[in-house]
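Labels run A, B, C and D following the written order; every chain starts at residue 1.
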Amino acid sequence: MALDKNGIAKRIAQELQDGWYVNLGIGIPTLVANYIPEGIEVEFQSENGVLGMGPFPFDGEEDPDLINAGKQTITTRDGASFFDSATSFAMIRGQHVQLTVLGAMEVSQNGDIANWKIPGKMVKGMGGAMDLVASAENIIVAMMHRNKAGESKILKACTLPLTGVGCVKKVVTELAVMEIKEGKFYLLERAPGVSVEEIIAKTEGDLVVPDIVPEMNLN
Amino acid sequence: MALDKNGIAKRIAQELQDGWYVNLGIGIPTLVANYIPEGIEVEFQSENGVLGMGPFPFDGEEDPDLINAGKQTITTRDGASFFDSATSFAMIRGQHVQLTVLGAMEVSQNGDIANWKIPGKMVKGMGGAMDLVASAENIIVAMMHRNKAGESKILKACTLPLTGVGCVKKVVTELAVMEIKEGKFYLLERAPGVSVEEIIAKTEGDLVVPDIVPEMNLN
Amino acid sequence: MNKVVKNPALALAGITDGMTLMVGGFGLCGIPENSIAQLVQMGVKNLTCISNNAGVDDFGLGLLLQGKQVKKMISSYVGENDEFERQMLSGELEVGLIPQGSLAERCRAGGAGIPAFFTPAGYGTEVAEGKEVRMFNGKPHILESALTADYAIVKAWKGDTEGNLIYKATARNFNPMMAMAGKITIAEVEELVPAGTLDPNQIHTPGIFVQRIFKGEKFEKRIEQRTVRPKN
Amino acid sequence: MNKVVKNPALALAGITDGMTLMVGGFGLCGIPENSIAQLVQMGVKNLTCISNNAGVDDFGLGLLLQGKQVKKMISSYVGENDEFERQMLSGELEVGLIPQGSLAERCRAGGAGIPAFFTPAGYGTEVAEGKEVRMFNGKPHILESALTADYAIVKAWKGDTEGNLIYKATARNFNPMMAMAGKITIAEVEELVPAGTLDPNQIHTPGIFVQRIFKGEKFEKRIEQRTVRPKN
């Protein structure tokens, strides 16, 4: 059965390693923070200028001066720090952040990503996404396998204006975990109960399928 | 009579304007801080990372963590701030410092300055001087008119390796105040009792001498 | 070196039609509310505003958009703002979109006398169009130039009479770099104290970057996305 | 995310012959004394040291020079050091001199993922030899590249277990940029406190830039130029 958004987040959380600094984008990526595996410690960075984000504040304790990049009220953990936007992107551009998780409208088999602009529609801007994808060594895209029109978002080539080129390493959708290398998608895992055939059918890009594709282990 | 070092500093102090941030180099420039004219307020910046320097500390009250760019122990005034070296040179390069006063080995009539290296002798390095002279809008050189060998330091062209090109606006020596413009030295003032003839004799560079050269007023 | 001015009107004196302003803040967090209100009152027009966001319809820079005071917005993320959208789609408003990190670094560069620098952000996208590309460490980078402004308007938590500023939490954001990049920088603060009160070790923006400072009359500090956990 | 190591030996483990080290401090102010002593004890050789100064004969980086551990110094101002002079004049020691502001900015750039930037400093001098020159705002600038290091060794006043650092007064100097630019950054501190003790608003170097932290056993803090007024 295809995963829900929390399932995608849970699978991505398995990629976290002890001691990593992680930047989570808006949407599904934000949910990753809820599934940090036992026994490891990670710190969350938000590009508006905070390291060491904690959970949302209790009702009535929100501080308008303390938000994340999604403009949500947050709290901080012990050991947190605040800094300006230039320093924040120094962390990102300088590759001090070990993992970036973000959503996408399209991903191509050479690792291009499009997630900021649909021509003809209102353009809201790229925010920090272009800096994040151009800089991060390790980018995981969290998204649905197809768009609302039922078209694959896992493509030979992106059709929308790009956010970054050749940068995505891994994609986790409600159906599959795929790695991008040598200009192709490699199917690593399938969601519990989802068939390889279904994944192939819903993927437009070139997909390398090994003989055995294990199911994700989400326990 | 030629000025002493304190006289040069006193004359340069007359150039200070209320509200200016000022960087003083090592040697004669440091003395300028002792002659701030009545009724104006200036702040001294030291490129190792302090704004709002005060006088030297009282004996026994020196703090090894609080020094100026000459590595001398200092104190701070109310309203001081500390910052890192990158921010310090952001202030300098970004022209937030209104006046830089520094010493020199040679100055040429197009405003070149040499003050960091004598080929064949031990080279100690340029420190912050190259950043200061390349960045400051307003540079005053404080120095003796001639070197120890009796040769003029006010030259048609520098003979020593340059610190910066076309940057010096004004030179104050024990004999004269000179402005540099349009590729020439312009004699503005002479030290009390010093003759125009003496200044001409001791100046190698092209010197424009007006009919009347007033004496410096050092009261 | 007393930089205190009595009110927003004196603080913003000199801002005229057609000028370029930097305005601090991220979303509605850390924006100079009192100064924006004053800009509305002054009615200056044809402004170019450099600010990470454009506020919401009835708060922040949205107030300037309502009065059609802005000719061009330079931002990384806009939207959350119907009037903005209307003006942009109708062509009344020019919009320049810049990656957020490049925007921050370009402001810092403007303040630091660095006229241009290379960054990987935006390579291969429309942001890179017309810009020089160069390889460093095997990776393409684009050349970005410094940004400066006629006036930078920032908001701090505490400030002293010499213009030293301390920001609170994530209300810091773009304020420090913009303070550096303004030809004239105006700071509005929640708390204004005599010089010597703030610890020189804890100053975020040294006073050298600030020309005028005033205590804001009131701060609404509107929250854009209130997210909370229930107290149990 | 506990980054505390017990002693300098563990902190500096992994530093081997031929590596490039950044070492914080300005003169003898804010130098990582305990780490330098450990480098002497380790006897690592052929080091390239990036540090604003080279210490004095018997303190600071001068100690590494005495043991002929340094192959190359990259600094803005050297001297104050007879052994340095002897090694330099005899050709045993390579020296790269960089304008101080460019040194600071190049370290920051290295830490910030900016591979190169333009600066006016050094144009028309031997520092500019072989470097690209470009005009901006009618003024020539030269292209300078980022600096990074295998290890950066910095000294802070207070630090917490997560590597957050606070410096004191002008002992800050080059330490924050070097902390950013080290592939591995080691911080020695006077006071080491649990995470949550330091105000997140007052951190000078966020812990993300620091991989290892230890409390220095003792700090001599030698003064290079003691200048005082008489007490009356």
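As a working rule, contacts are C-beta pairs under 8 Å (C-beta built on N, C-alpha and C of every residue); 3 or more make two chains touch, one makes a residue touch a chain.
Model, not experiment: these values are computed from the prediction.
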Problem - Chain pair showing more contacts of the two, B-C and A-C - result: A-C
Completion exercise
Computed over C-alpha atoms, the centroid farthest from that of chain A is that of chain B
Problem - Rounded Å distance between chain A and chain D, as computed from the means of their C-alpha atoms - result: 36
Exercise for the section: State, to the nearest whole Å, the distance from the C-alpha centre of chain A to the C-alpha centre of chain C. Expected result: 28
Exercise for the section: Report, in whole Å, the distance between the mean C-alpha point of chain A and the mean C-alpha point of chain B. Expected result: 55
Completion exercise
Multi-chain touching residues of chain A, meaning two or more other chains, are 50, 82-83, 86, 89, 92-93, 135
Problem - For chain C, residues contacting two or more additional chains - result: 105, 108, 112-114, 119-120, 167-169, 200-201
Problem - Which chain pairs touch, all of them - result: A-C, A-D, B-C, B-D, C-D
Handout entry: Complex contacts: residues of chain C adjacent to chain A
Key = 26-30, 52, 75-79, 85, 88-89, 95, 97, 99-105, 107-108, 119-127, 157, 167-177, 204, 221-231
Practice task
In the complex, go through chain B and note every residue touching chain C.
Solution key: 19, 21, 41-43, 45, 50-52, 76-83, 86-87, 89-97, 135
Handout entry: Touching residues (chain side chain D, partner chain C) in the complex
Key = 105, 109, 112-120, 134, 136-137, 141, 145, 166-169, 200-202
Fill in the blank from the handout: Counting only contacts in the complex, chain D reaches chain A at residues 1, 108, 110-114, 160-162, 164, 180, 194-196, 200-201, 203, 206-209
Completion exercise
In their shared complex, chain D is touched by residues of chain B numbered 46-50, 55-74, 82-86, 88-89, 92-93, 112, 122-131, 134-135, 161-166
